[in-house]
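The letters A, B, C and D name the chains in turn, as written, and every chain counts its residues from 1.
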């Protein structure tokens, strides 16, 4: 087993691409070290990407935000500009783990861990976030929902590293929100979750919408039909009820130690309703 | 025994104050040494291989590859431990649980162990051990296991306690029955009857410190064991017996203990560590992982309980009956028996009958968990009591007050009560501001009572007075939550000196006589009795020395407020001699001054508590929030009130976790699905409100200071109190613990469907 | 002569009697005579039985005297947490 | 497997150690450096008993590799008191009996120190959520929260 800390993306990609055996990327380590402890993974190479230039920064550009792959979630909460533009994404990121984990975990890691219950992913999917990927074949950018392909599986090729998560510049009258259900007040994995991202027109009518659900299928679900329910509405009671129904219907959940099929369906609808209400208010809707 | 343990009604100087504990600074600076904080030169790392199967015959274990791995110093299986097949059945079970002999009986059951130079090598070695299993059908549910067709876990077990010896073996190991009167007749007199069935899931004590020990077996046949335990003397006896050695050759030192709550009253890996050390000829450190703690230490029982209670219109209970099925893991236990004894202990009943069934299941061996078995029985009974009160149209507190047991009542488990605290706790609750506080939307209030026996038992202490007048107190009951402070207060009180001059330590097994474990809420009760006795013995010597110093008759010397005082007119000019003044001269007046005590602390007074809680339920998700919580409990006499409050609060918090979220979840494959703190959800700081406490002091007549045990009772009422609150908030009776959000939401939805 | 009450399960082993009369002055003698008169009880006594005398529970004190007219109750020995 | 040589600062002192690439900071502290104040309650970041501060961020040392601490600053419970003067939090934990068994105490103290450094005047709710990553099974948290509240008052006055 080797531990390396490359200083450049090129070096990191080269080391990963050239490695034999199992290689693991280490940023926050809050998933990797747990899997190592449990004996689920015994990497031959650990590539610590935190020393790579620029990966530990949030940059605001004319197009929006670029969140480096090694930025701990706690730092997202400390960025006033990001919090103002994408409060739903930030609140989702801030829900991952404890204060202790917040200082380490990253949204990129959360995405690449490919858990159907990952907290930040529904919010990122709802936000239309993209992943900037660097690999032996160069750089490519894909929507974040293209990264996880199933529990614990991603579309990343050997040698590929996500360098940053990209969020668009915010259109006026936009708001997003994320809610999850956990049995305790902290420290749990989402039993079911919902992210909603809305933009309103001048009259407070929903112009565009994205609704994503977590922990109700093998990957996070982007529910197009739910977005259609919201578009053109002012989120009246009937719309919200329809939203809940559509979301409950879109779920393909399982029974497990965290919840039942019936519970997840029902609560997915409730959370979508509540998240939509918050997002609407954040967008300035009344 | 000259010692008079009767309550004397004295006025206290030290007892009842709240000084800082003697082990405090070490614990806030990280210097205190717990089970895993001790190391020895040349120490090896021990690791245990565990069965992934719920029930399997062990056909063959091949350890040869592991033994050949460089760095492996010892590999053991059950073959390296004594065969107790034809010996003491109870000890056979203890050993079989430490290392499976013929069958793996649960997911996590130990089958082999290694000692190696480091953790990595030990882990690799475990992978090289080949175990051939023959899989057997398993059963993990208590009700399923009790059925006739269930897979048999031990075909040599025939139900005990039946009138006729059964012809077929069964997973039901024992039937026990308690009660008096005629319940059939009693129900005939009832105007209202509530009859319900309840279930509770298995929970774990959840101590934050995993089991840890360092074993050092010497080639001369002696051994040392450093271990986190609630009872090092008991561990010594068990380990010595299981390894075939004399108890006095094994010295056990109890480390600081990072929580036990009953879970550290049984040996788990310690005999294995000793056996590894013996085989390797080097010290072995064995620390369980959290996963191992959940899978292979001792959680509490899962239960299934039927309750029937009847009452007249005026609110008098006429009959009460319960059938209680408790899982005990794969080995016989007495858990349902305790449940059956405690179930109706709070009430004055003319007609009562409880029947308990112990049920084997393919889960880890059940161990004690804080007032073991009582919380589940209380959940069922107190839920039914609440429902009955509602049916009659009486306030739940008034209904309980009307039926509460009192001095002279025949308890449901048999004996007649002396002075007890159930009535006073209920009266205190009735007048508590919490009961009158307004409730918000979707909020409900619940209350419930609880009972626990409390134990005494074998106890031994040494009290040594140094030549500077300071006092060392050596006790043999492990300090799990501040008892060294309490016992120092007691020594100071009895001697009449300041708390600061007493230092209490927990002595190892070679330095003090045998002590029972710190269990059954006995630590402070028993050791304070022994400390008082030891102090009185020391005072006798102090008086003799003072008499010598004054050259008068010892009968003329009395002990008052930390001083020897000469009584009688002819000694009028002698003044007083302080403990320190006598101690300084002790070298010349006969040598060291000490008081010793060995006794059986009998007469532990029973304990009662009543809890109130407010819960908010989200009707759309089943989420719960604990809004307010109040504990009222009788302490007899609170020696160190802050630590008494701590026991009340801690027990309540554990009960809240049990009531709402904690449970062992098994898959169809018989494997534990949630062996970690992520999905075994104990309450976190943000889950709880402040937990208010009210200490009542109804003196125990059988203790010089009136002390009763306080540690356990606080976990008994919460399950029921919360169930009553949730039921009031959600408008539907909850009968399955934990009341996790999916269960609450399902109950609410079912109620909505039903009322359509 | 003292009257001793047995708990439910124990009564079955003492010929179905829930109360038995025993001539005993202390706990030790009580156990000895119980075992003599009701051999079915012996294994239970060996495993450990507690004796409640007028409501106070004794576990290990053989020498404890049984006062005339006292209420004597046998109980199982318990585990605690 | 080659060992990794690491130079780091622990409680203000320069420390050098050799560790395995997969060895956690917690194991390094406990097994190599003899700093056993941080405890392993779970090894998976769920209990907080191993909390330390790494470059001003509260972390679980079981979720940090020893190798990662190269050139960084680690603060552990062993560095919390100044000589024989306890930190106000330590003093208040003693006065309020905010510990029973004490196994979680080092983690709580470190987490509370980090909390008060970032928020000197927290509400009860902020304290409760701020300490949610630290499990205590003995106290029900009541006295812990009160000790932190009291320490915050003392520290503001200082």
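Basically, contacts are C-beta pairs under 8 Å (C-beta built on N, C-alpha and C of every residue); 3 or more make two chains touch, one makes a residue touch a chain.
None of the values given here were measured: they were computed from a predicted structure.
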item	value
Top chain pair, ranked by number of contacting C-beta pairs	B-D
From subunit A, the most remote chain by mean C-alpha position	C
Averaged-CA centre spacing for the pair subunit D and subunit A, given as whole angstrom	29
Whole-Å gap between the CA centroids of subunit B and subunit C	25
Computed distance of Cα centres, subunit B from subunit A, in Å	44
Subunit A and subunit C: spacing of chain centres that average the CA atoms, whole Å	67
Residues of subunit D touching at least two other chains	20, 43-44, 46, 129, 131-134
Residues of subunit B whose C-beta touches two or more other chains	205, 261, 677-678, 683-684, 686
Listing of all chain pairs that touch each other, if any do	A-B, A-D, B-C, B-D
Residue numbers on subunit B that touch subunit C, as the complex places them	90, 160-163, 174-179, 205, 261-263, 265, 334, 337-338, 341, 355, 368-372, 413-418, 453-458, 519-522, 600, 602-604, 702, 711-712
Subunit B residues within the subunit A interface of the complex	123, 291, 620-623, 625, 660-661, 665, 673-674, 677-679, 681, 683-684, 686-687, 740-742, 745-746, 749
Contact set on subunit D toward subunit A in their complex	1-2, 4, 20-22, 24, 43-46, 48, 51, 54, 57-60, 62-65, 67-68, 70, 111, 114-115, 129-134
Touch list for subunit B against partner subunit D, complex	18, 20-21, 23-25, 27-34, 36-37, 120, 205-210, 256-261, 287, 289-290, 480-482, 642-643, 645-646, 649-650, 652-654, 676-678, 682-686, 688, 690-691
Of subunit C, residues touching subunit B in the complex	5, 7-9, 12, 16, 47, 52, 54-61, 64, 71, 73, 75-76, 78-81
